[in-house]
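Once you scroll down, you'll see the structures, which are given as structure tokens.
What follows is a pair of complexes built around subunit A, which joins subunit B in one and subunit C in the other.
Moving on to the complex of A and B:
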């Protein structure tokens, strides 16, 4: 029953999103007036190398082949999907002939770590604070937290990261300015290296957590303030259940469901934020890889990261959606 | 409309604050039209001057007056936000209202596309576009591109409002008395959601300004046009943090934060006004 009513529609949605997203990435460069192949050739000639016309022509052919720009539009589109199905995103142009997939694989653990830790911290803290604020609306601490969380929320990721960098890495140099671990540190599974990793990850994670708490807090507060007025909460209070039990088992438990939907919906935005934060702190993840691709004009790498992010984010969302029935009995027993 | 505005201004501190700051920024934007220097040119004034009467915030290493530069930058960033918000508003309102009202297959198709736009991480996609166009990205082109991508959340929001308005008595009365669909939407439903549209628009402007700052910091916009983002870009290029040229790097950062906070206060104030319970508290409390 759940399978037919819930899981199959989710799966269809997943396939549709992938299809639309990946097609978008295919169409955009072809709609825009500037041609990446010409752009690449111009860059090479602008560097002052002398290239004889025959070589340029040959280069153009090779590049078109590489970028999948050969043949008619429809043929290109078919080839594009064929390549994607076998997980081939083509070679990186600046680090030729390393495949793009290889580069993403190296950077992925860093981004994943940053994203998971900050997401979990901000989600748990924001949700808890929201629940506390609704349960004790007049406590001063809750009010201060509210003002802080709300004041931080609208600030763009980039500005927040930059401000933290200036304050905690430059004015008070407690944390390192850049990188994922100290230069020359021995990579290994020992305490010293782990502490070093932690020190480098602290500011990027902080800057994301501080920004994201506000959103979770706000949503939790809004949902929970409706739950508080439900009859069963009033009944629980009247029957003298311990306050903590009411907060956790009755109020939070019921208000947490939209928080999980929110997690799925905001994933794309938060993923973008992680990339931006990485760039500011030169954290060696996908964001920094993307930045190096922009600087080098590595069109294929940018394209590859785009496709990867679309697949990654929508798959993560599908997983959250599939866990959802386990948490919401109403979906389970529909 | 004006009544809502007056009431908010009178009873809500945040609205008052946000509105005053925004007015200040708009005035700055207007004054910047009379800038004595050409802000695209370098070395119009002596380089690296500390702040003085002649250059209130000093000058930067490119020989530009920081105060005037910041004013022009604020104007351009606001303009960009406005262009992008306008375009995404048109798409969001038309699609949201139509999908909500028509329902059926049309609704399902629109919402599928809409959800895809919500799920797809827009930041890498915008980078893809910007890295191809790069130098030809003027304020207008950048605004249009960001606008074309920033409508999905709000279309969903407007649609959900229409879905509930559709079930109300007055809609049925209008339908039974033979009103045309577009007439019902424009004259019966639109007025209801105007405050919501305003709050959503302000949030959208915040997002656009942040996006511009981010794209510029990556060097992906026309770097000769002063905006808040390009100002930060050049300050970082000249190592303003390490050389402790705080007047250069902090001016755009602080104006960006203040502007965004002011806009955010306006939007939360309006959206809380939409919730009758908090509105009651607000009037009682004062």
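Moving on to the complex of A and C:
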């Protein structure tokens, strides 16, 4: 039953989102007035190289092939999907002939690390604090948290990142300014290197955690303050259950269900935030890769990262949505 | 002997809006006694403060509700317990569920939606007796359920899988598993259909008979009071206006409000349209001066507008708050 009523529709939705998103990635660049092939050729001639017209023509052919711009629009579209299915996003042009997939693979662990750690920390802390705020509404901690969260929430990712960078890397150089690890550090599984990694990741992670805690805190507070009014919580109070049990098993346990949905809903936004934070800290992840690709006009790489992000974020959302029924018996048994 | 004695209890809701504090005078100077083993009914229109009175009396006080004055004394095994004087929340918790138990209004949603029924039973038993032996716990619950005519299989269900009537029975079973001395039932039959209602009333009667506890029954359904209660208090706008044995209330009511309530009751064979109580209950933020009922009272005099009548004894166990009675005495 769950399978038919919940999982299958959710899966169809997933496929549809992927299809539309990836198709948009195909269409949008083709609507732009600039042609990457001409752009590339112009750049070569501008560098003063002399090329005879036949060679230019041949070059144009090759480039079109590599960019997937050969043939009619429909033919291009078919080829585009064909290449996607075998995991081929074409070569990068700034680092020719390294395939785009290869570049993404190198950057991915950095982004994943940043994203997962900050997401976990902020979600868990924000959710707990929200629960505490509602369970002990008059405590000083709760009141301070509330003011902080309200004030932090509207700050954009890059401002937060810049502020931390300026304070803790520039004015007080406690943490490094940029990069994923120190120049010339020996890469390996040893304490020294791990500490170095940690030192570099600290500020980017903090800037995301500090911002996101506020969001999770406020959402949890709103949901939980409604749960507290629910009859089952009042009844638990009337039955003399211990306070801690009421907080965890009655209030938090019920309020956490929308927090999980929130995770799926906000994932895209948070992913975007991670990319921006990386750029500010020159962290060697997908964000920085995308930034340099845009600066260098590396068309294939930009498209590749876009496609990859769409697939990655929607898959993560799908997984979260599939976990959700395990937490809510009302969905599980319907 | 009385098991519960409430003296001059005042419980208000304070809410602040744009810097102005509003006080909802939901319970405003209420005194009554409940005898051991009796069923004491409280009736009154919606919003007159019945649920608030129960909350205050069972010590379930949290903002915006606050107690301004008054005393609530229980007598358990000849020990007097002033529940409002208990400083520590923990001490109140020890009484709730074991000594005092509550069947709350809106019983449809009193079961935690993400917990199986068995867990709810475990929670309450464990809170007061620390479950050491599983089989012993199972047996205890099983006997209790059987006595109430409930099947053990419901224990593995989640609340949403059960019908409203079933959920209500389970709530009653939960509220009585620890054999409390006194049970507060707040509208336990509202929102149930008539057949299920009768079943629930039957169930309550049966438990009462077996466990020999005291029951305070709140409902606006006078038919249920007539059927179940020994004594009945009529509440109006945060005050008790009349209190007597059920027979006396139904046969010789004194207060004009009680008369009005009874007039709105249908009787068998009578096909005329019943007069519903004219007017609306007053706001408890801006209560009328003098007797709170005077704007709706057919017999209101100048005095009723200015002075507040006390609840006075007019006969054996019969108390009324009305100047008409004072005059006739």
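Here is the rule we go by: the second predicted complex is superposed on the first by the 334 of 334 C-alpha atoms of A that agree within 3 Å, B and C clash if a C-alpha of one lies under 4 Å from a C-alpha of the other, contacts with A are read in each partner's own complex, and residues count from 1 in each chain.
Just so we're on the same page, a contact is a pair of C-beta atoms (placed from the backbone, for glycine too) under 8 Å apart; a residue touches a chain by one contact, two chains touch by 3 or more.
Computed from a predicted model, the values in this text were never measured in an experiment.
When both complexes are overlaid on chain A, the residue A:113 reaches neither subunit B nor subunit C. By the touch criterion stated above, A:328 is placed in contact with subunit C alone, subunit B being left untouched.
By the touch criterion defined above, A:305 reaches subunit B but does not reach subunit C. The wider contact with subunit A, measured as residues touched, comes from B rather than the other of subunit B and subunit C.
Touch criterion met: A:297 reaches subunit B, while subunit C stays clear of it.
In the superposition on chain A, contact of A:258 is made with neither subunit B nor subunit C. By the document's definition of touching, of the two partners only subunit C reaches A:234; subunit B does not. In the superposed model, A:245 lies in contact with subunit C only, and not with subunit B. When the two complexes are overlaid on their common chain A, residue A:179 makes contact with neither subunit B nor subunit C. Remark: subunit B residues 112-113, 115-116, 118-125, 127-129, 131-134, 136, 203, 206, 209-211, 213-214, 217-220, 232, 241-242, 249, 253, 256-257, 260-261, 263-264, 268 touch subunit A in the complex.
Only residues 58, 60, 89, 92-98, 101-102, 104-115, 123-124, 127-128, 158, 160-161, 171, 174-175 of subunit C touch subunit A when the two sit together in their complex.
On the side of subunit A, the complex with subunit B involves touching residues 13, 16-17, 20-21, 24-25, 28-29, 32-34, 36, 39, 150-151, 153-159, 162-163, 165-166, 170, 265, 267-269, 271-273, 275-276, 279, 290-291, 294-295, 297, 299, 302-303, 305-306, 309-310, 313-314, 317.
Listed in rising order, the residues of subunit A touching subunit C in the complex are 230-232, 234-243, 245, 249-250, 253-254, 257, 327-330, 333.
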